[in-house]
Amino acid sequence: MHPSLAPLIDRNAFIGGCDKVSSIIGAERIGKKAEGTMPHSLLLLLGEERGWKMYDQVVEKGTMRVALVDTYGDEKEASIRAAKTIKGLDAVRLDTPSSRRGNFPDIVREVRWELDRRGFRNVGIIVSGGIREEDIEALKEAGATGFGVGTAISSASAIDFAMDIVQIEGEDKTKKGKFSGNKNVFRCPECHSFLVSTEKEENCPRDGKRMENVMVKMIDRGKALYREDLEGTRNYVLEQLGWYELSS
Amino acid sequence: MHPSLAPLIDRNAFIGGCDKVSSIIGAERIGKKAEGTMPHSLLLLLGEERGWKMYDQVVEKGTMRVALVDTYGDEKEASIRAAKTIKGLDAVRLDTPSSRRGNFPDIVREVRWELDRRGFRNVGIIVSGGIREEDIEALKEAGATGFGVGTAISSASAIDFAMDIVQIEGEDKTKKGKFSGNKNVFRCPECHSFLVSTEKEENCPRDGKRMENVMVKMIDRGKALYREDLEGTRNYVLEQLGWYELSS
Amino acid sequence: MHPSLAPLIDRNAFIGGCDKVSSIIGAERIGKKAEGTMPHSLLLLLGEERGWKMYDQVVEKGTMRVALVDTYGDEKEASIRAAKTIKGLDAVRLDTPSSRRGNFPDIVREVRWELDRRGFRNVGIIVSGGIREEDIEALKEAGATGFGVGTAISSASAIDFAMDIVQIEGEDKTKKGKFSGNKNVFRCPECHSFLVSTEKEENCPRDGKRMENVMVKMIDRGKALYREDLEGTRNYVLEQLGWYELSS
Amino acid sequence: MHPSLAPLIDRNAFIGGCDKVSSIIGAERIGKKAEGTMPHSLLLLLGEERGWKMYDQVVEKGTMRVALVDTYGDEKEASIRAAKTIKGLDAVRLDTPSSRRGNFPDIVREVRWELDRRGFRNVGIIVSGGIREEDIEALKEAGATGFGVGTAISSASAIDFAMDIVQIEGEDKTKKGKFSGNKNVFRCPECHSFLVSTEKEENCPRDGKRMENVMVKMIDRGKALYREDLEGTRNYVLEQLGWYELSS
Amino acid sequence: MHPSLAPLIDRNAFIGGCDKVSSIIGAERIGKKAEGTMPHSLLLLLGEERGWKMYDQVVEKGTMRVALVDTYGDEKEASIRAAKTIKGLDAVRLDTPSSRRGNFPDIVREVRWELDRRGFRNVGIIVSGGIREEDIEALKEAGATGFGVGTAISSASAIDFAMDIVQIEGEDKTKKGKFSGNKNVFRCPECHSFLVSTEKEENCPRDGKRMENVMVKMIDRGKALYREDLEGTRNYVLEQLGWYELSS
Amino acid sequence: MHPSLAPLIDRNAFIGGCDKVSSIIGAERIGKKAEGTMPHSLLLLLGEERGWKMYDQVVEKGTMRVALVDTYGDEKEASIRAAKTIKGLDAVRLDTPSSRRGNFPDIVREVRWELDRRGFRNVGIIVSGGIREEDIEALKEAGATGFGVGTAISSASAIDFAMDIVQIEGEDKTKKGKFSGNKNVFRCPECHSFLVSTEKEENCPRDGKRMENVMVKMIDRGKALYREDLEGTRNYVLEQLGWYELSS
């Protein structure tokens, strides 16, 4: 995406549940520290083992040590070497190019097996490179412990919405294709379903519970009324994810 | 799309062949005058006929007069009324909501027919609202003379590309999945096919013509060498569209 | 369909559960009064509001008042006008042409909403024009209260059946592809499943109940034995619809 | 189909290009002699060989002799027997039940082969039973010389058409979804394409030829003007089939 | 398949659950008597009824009598004749050619019906000719009592497997794409799921039961350790089929 | 496949156009020398570079040197190392496991590129491992020079054929589903199409050429007449491949 959007993407990714962001300005905006991993160019310039060692020496204590293991050889063999090279390695990163990615979960499974057989049970496996939402379940089951997701988040499909006139000086009025009148948005505290209505109060048509009015007035006579609460929004999102897990 | 991207979208749309842009800052950047049409809210507030008339009085001479005709009634009936209301109307705009858009080309065909039957052959028909590239041919054939395209352009799919190390201090070196060595990009002046090669000169493998090297060095030791030529790029794009029409 | 079939279609539609029929001779045959709605030509000749008013004055008391609302403008706006024009209007009819029928349930939903917002909760919504069996559920959910179904009923696919010789002078005999011997048709009073058998009595293979023999001899030595009971047949059909609703 | 439609179906089938019709009243209406073949019941009652022989004795001279060959055994073996039984047999008829119709063209091919091997090259093969338009080419190629088509013709899908007001007292007027104004229908004598237009004369937009106005006024002020010419219509249909064969 | 494989196919078919094999050498190897049915050539040479009778006279007592009924005529008619010809007929065999096999279960159903109607309830129906695994359920339901399956068994798809080095002189070592280390294969006695592990003992991850180690060492330092137990293997297969029926 | 079939498979592969076979007994039967490549186990036991070197020393002069390059690391890096290790290396072999085979042609393309960049233009690329007929074109285009195909050839789908009685003592006779009478098989020397006919001579229905009778009597009164000519059959197959290339 265009660099001018990076801080915005980082903010939205954080709200949406991602644990870490990597652009410096994006991290600043949300009051976090930017974190990332080594690039292939480091290993091309220094060689794999020298590159891993110098990265370990230079990066400040307390930051995760993640070794890139797909530059020259096979991920399995390089992972074993990286684990032997960096003492206390936190994870290896597999950014396997698509031409070598016949079955990515199988590669992860093998890397997991060989690391375990040599006692590196604490070394995690981070996968990256064109990871899509639908790939994550199989990769997690295969043993991946972290996911570096870029395009799938930053170039997510736009959600169409519109602002419409629905009342003029107290009289219901709108264009064809829209519903006239002022409305409230209600949510049931029990089943979390929504209801749009012109009423002031509603009971849930499914379970009869009194619904909560979640309508928020954002602008009044040209004056903005809404102020963002970043952590609150993120927690609200994570809480909703919980609902879905419970109900599905 | 996010408003901070609007000038960039306008610039790219212009380069890509669009005739007009509507954001003021976007138009300024490319040295053009922003142009647009009336919103539904104008007609909701004033009523259709009064809205059309006041728009005609207020908008400066020399700017296209385009009347929105899908607010309350049917596009056919409103188009006839708009053409009778604004003398010298340039076009009607059909932004028909999707629930009424059973067969959009058929609606355009009817509007065209009725306008023609009443002598309004010079009134164009502009269609807008979720128009996609693949809709345009049928709409043009039905009689549409202009296209207001938003989402399909502004939220086009991202094109992945990468910057890679392919040589280090004179020696071919790259990661797996990439091709090592410095390369040139050649284009055939005859058949317009491309060839990537490490050679300095190439003849076209199809027709034997000496190919043109279109490789452009953009950065040299950290210094930018490339300067954009907006009109030139746009003309180059339009010229290429011509090639395709000839060859397909 | 060919006009000579109209009374037959009306009879079958009534037996199959339709509430009203509109051909005069068809209605007579089943001892009912023909009922229908206004045509577009009435409104083209008189204009919408004048047409609605005159229809209201002329049609005899006790017959449903249904106003056609898709002649010139949008169904939503015309429905509001019709409800204001005819006092005690029973329903509006939407015969929306296919080119304007992007999402018919959405149009019904909007009409319902706007009528309700203005206090016309008793005005029903009748939809017509190429309605197929599979459309009805979504339209009913959207608020449609009546359905004018023509082609889908009158041009329903023919059901192949054949009359076959299965016994000649007491001896089982039939052509290849058929089952020889005289048969009875049994139905279970409990689960309503059928069984064809050469036996005189059968118990249901599912639940063991004594089955009912529903075989009817229609012709005996060239003499017709069967006489139709119209209301009885219709009630039997509606009763069966009840079974399916219970079991599905 | 309902028996009351039979004469109508026969008339339409004849106009559409069928060679013979089988209902007595239908044949009378078009001034032809009804022709048909023997039913399975004849052979069930008399046995195959006795049935074929008696049919041959009873049916008047000059009428085609067609023996049904799928009653008890296999079509191949029965065809040979039928050809030996009726001297000068015109054709066998294969009405093979669907459960035995694994590959109908292959059965026809075998029957053709065996008849030819025994010198019965003049015995045709008529196929019947659920024959659809798309089956005919493969069956003809396999050797079928006649086609008994019932359901596919008599229960063809209805073609929707409508009568609309397009002008009222000299003024263009119509409902939404229709094109206003009086029109003519033109056909090009060269490429046979059609053009609907409000003009009195048109040249073909493809090849510039002066087009023929094929508009026919059927009713004028309530008086029918059109009289049917049965043979003429049929010849016109067959002539058009020729056009398509030439152009495809 | 190539004749040199026939004994092997017969052995595998028997192990896999087939009741009888027909090649003499294949039957000998597994200590059974070869059994089969008559060929079409017998009936072509002798005629159907004479062929059936002579087969009945010649075949030794105690062997099933199965009459082929698809040589010349229809299966239904020939089945009745065969049942009347051979007293105590065990079964008819339908090897219907594909061109006559429109709906094979329907043909079986008819044969069953007509045999039953004439008192031949003890005559079974054996179907053969390109029978595939997925056809069997419908044919069995229609009344088939035996299945002659050839190609589907003898040309079953090969199962890929490989022998790999996973340890060299006590050290885990393997090529990429394989899992290093010596492994055992465990099966749960309760849920029959499998687990591959480098451990000596395992509990089932589903239900906690102590798993059975089903690893079998087949070769040790070049010496074969495994000896086949034919009946045992077959019983084990049939036992497993039982599991699946219980759990599905 | 079962080992007892190996010589047969080798014979058929050779006849079908393969250049080399690898089973010793199969090679003997067709009078050729068996040839093959190194297994992964060699490199696992000795290490890649030591294994390549010893193979080069031990294998007799005049036999192709092919180095396996997919055991531990990436094919690209190992190919460069192998080419540097064995002087005069004929080819590398890529037996890439499926989990690493995201885009096999792309891997071949990279290997080709890097070998060429380093002057190893004479080192071929042999691909193996589940190669199917439909993969070969893309792999060849990417730069593969040899194909090790196993399963796709050895487990090819069986071709059904049958031996049938078509005449008994001079009289045409056959079962239903077959064509009676003695036949010849004719082939056109011009267009190579086939014709089955009971005639002694035929002209090609396409181009009128006198056709060649390619019927071969293989058995006469129980005596085999046919003797195989291995090289002749293979040449005939290769000649036919030429026909197809010319005509497609």
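By written order: A, B, C, D, E and F. Residues from 1 in each chain.
Just so it is clear, a contact is a pair of C-beta atoms (placed from the backbone, for glycine too) under 8 Å apart; a residue touches a chain by one contact, two chains touch by 3 or more.
Here the structure is a predicted model, which is why all the values come from computation and not from measurement.
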item	value
Each chain counted as touching chain A and chain D at once	B, C, E, F
Selected pair, greater C-beta contact count between A-F and D-F	A-F
Classification of the chain D:chain E interface as same or different, half of numbers criterion	same
Farthest-lying chain, centroid of Cα atoms versus that of chain D	A
Chain centre separation (chain C, chain E; CA means) in Å	53
Separation of mean Cα positions, chain F and chain C [Å, integer]	66
Per-residue multi-chain contacts in chain F, two or more chains	72-74, 77, 97-100, 110, 176-178
All touching chain pairs, where touch follows the definition stated at the start	A-B, A-C, A-E, A-F, B-C, B-D, B-F, C-D, C-E, D-E, D-F, E-F
Touch list for chain A against partner chain C, complex	172, 176-181, 198
Footprint of chain F on chain E - complex, ascending	1-2, 4-5, 8, 40-41, 43-45, 70-73, 97-100, 151, 154-155, 157-158, 160, 164-165, 168, 173-178
Chain A-facing residues of chain C, complex	74, 76-77, 110, 113-114, 117-118
Contact footprint of chain F on chain A as seen in their complex	72-74, 77, 96-104, 106-107, 110
